[in-house]
């Protein structure tokens, strides 16, 4: 007699998908924010280093 | 102040003993940490009694668990302040600048903590026997041995994590967070073996658990001693 | 007898000590000046063996400091922090240090060091209850109790009253008579030059000037240093 | 002199990650195959399909992620190379995600075959504690400011954790065997029919790919974070 527990399987696959996708999104967001911040800082640094002294 | 040439720096164990004695002197001078850990342990023992239905669970079954859980938490209180005295005025620099091995600093601190923890046990163990109306038997001696084995493992790991946690933000939270998983085999080994002894079972039944405790002590005393120098800034 | 060779120490990409070399003979005293953050404290910690150099070596009487015990016992350090245990007495603190260094008669040595720093009368007071200046004296006693051949002092005069400063100067002189080399970090040029046989100015981790004291004119040096400090802002 | 107009395009744009995309597609295909095209096990019912996610995630977390973390931790203390610390911390974090999936899917399967969400058996318990330790590992990293110190502390913890897990496993195992529990329906593992085997091994492959892809992204994030810290340090 095969038990009817398809709901558990669906739930498990759903939860796994949510966790893995959530982690992927969080990684990508972290990476994007870091890159923005680095670009911003290094462009500031360049702007400063090319400002003639006394200007 | 003769010349440094005449000095003969102490060996690893002699230096460890110096550090331990110094820590114990500090502890004895202040006493607050020990007394509060002790009161905490005794309060815990009484509170646990009321958390169980004593008609459903017999005291002999309850006592070992209570003892070892309380012991673990009280030990954490002691370990918490282990490195505080070193960092307050950077006394640790004095230790590190001295011609002693890094490992002996760890061993010394761990020894002092061991005395602290055993001191708590010496009071808590009879208190549990008293409050839970346990039969005083010949098992008491074996129990003391188990207590020592458990204390060594707890202190070995706890001293190392204390050295790390004290240099972090949120030291008070991090130490229990890091140490408690490591106390699982200790609490299990100690509780299981002492439960068997308190119930009057033959020592052979407790032996597998004692072996785990001994193995844990050997592995973690070695690993933590070797790892300690890496927790120092150089 | 003290030989620092091309010391480099990097912190998170910043070169706190950058290619510093010098040699001190017995009885030499190096006065080290420089603005805050110049790397003086880092250099002292390298010389005390509290930090490991990223590059370069420190030799003390021919023994490399990194090799540990034998070399470290020859060094004494007075730093910003007192390095004392507040709940122990002055005597216990100094004696503990003496024992750690393996001084033959630790109790007698501790008492002598405390007497030299003129705090022997407070020897049995817990350090926590001493004033800042007296703590500093105990801290200096702690640093000299084992008769170091290299004594490193990071602004040792800070917080000392006249009697303390006099005690410190005589203690430094005594160490020097015994053949020790000194490194003295200070902001006070007059104070530093008084004892010095060499003087160096540190900026951004480097020795920007380093010469024998005998070749220097104190007042000229002082005004040059001030100019330099003014540029740094 | 004209300032160079170089825009740091390599920094600013988050690159497409083909490996990650392939891994996501592979896992999605495996999910579809597992749920729709793999036969249902007669005794356990559809819930047995949880095995494909659960077991492969567990294997990768335990035997790949955490072993990698332990090895790179030891190597870090020896060689002091920041790259090793980045690999160790990346393996720990990705391993934590895999372990989380294991701990969430496990009870769903357990409920259907054991009748209980959770049992304190050796494997479950050591996985749970491993999860706790790795959470602690993350908290420790977050609580240490200095980069070198952070790397050393977490390497020490990583090595000790690797030593601890066998102890927990052994002691819980003894705890169970000495205290027999009411007999539960154990998931027996008779040899799987080939269709299930194919699904199982492709699931394993897909998750392995996912692990590699996530590790790579996480490593990149760690590198960027260090670079940002360097930049901020310079400006301070």
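Per-chain numbering from 1; labels A, B, C and D assigned in written order.
By our rule, a contact is a pair of C-beta atoms (placed from the backbone, for glycine too) under 8 Å apart; a residue touches a chain by one contact, two chains touch by 3 or more.
As the structure is a computational prediction, the values presented were derived from the model and not from experiment.
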item: Core chain by centroid distance, with centroids computed from Cα atoms only; value: B
item: Contact-richer chain pair [C-D vs A-D]; value: A-D
item: Identity of the chain that, by mean CA position, is farthest from subunit B; value: A
item: Length of the line joining the C-alpha centres of subunit C and subunit D, rounded to whole Å; value: 50
item: Subunit A and subunit C, separation of their C-alpha mean positions in angstrom; value: 50
item: Chain centre separation (subunit A, subunit D; CA means) in Å; value: 17
item: Distance between the centres, which are taken as Cα means, of subunit C and subunit B, whole angstrom; value: 38
item: Subunit C: positions in contact with at least two other chains; value: none
item: Interface hub residues of subunit D, defined as touching at least two other chains; value: 146, 148, 234
item: Residues of subunit B touching at least two other chains; value: 233
item: Listing of all chain pairs that touch each other, if any do; value: A-D, B-C, B-D, C-D
item: Footprint of subunit C on subunit D - complex, ascending; value: 146-148, 229-230, 233-234
item: Partner subunit D, residues of subunit A touching it in the complex; value: 2-6, 8-13, 15-17, 19-20, 23-24, 27-28, 30-32, 34-39, 41-46, 50
item: Residue ranges of subunit C in contact with subunit B within the complex; value: 48-52, 68-75, 77, 79, 81-88, 92, 96-97, 99-104, 109, 112-113, 116, 126, 142, 144-149, 174-175, 178-179
item: Residue ranges of subunit B touching subunit C (in the complex, touch as defined); value: 1-10, 15, 18, 22, 25-26, 29-30, 85, 88-91, 93-101, 233-234
item: Subunit A-facing residues of subunit D, complex; value: 3-4, 7-8, 11-14, 20, 24, 27, 31, 34-35, 40-50, 53-54, 57, 94, 97, 100-101, 104-105, 108-109, 111-112, 210, 214, 217-218, 220-221, 224-225, 227-228, 231-232, 234-235
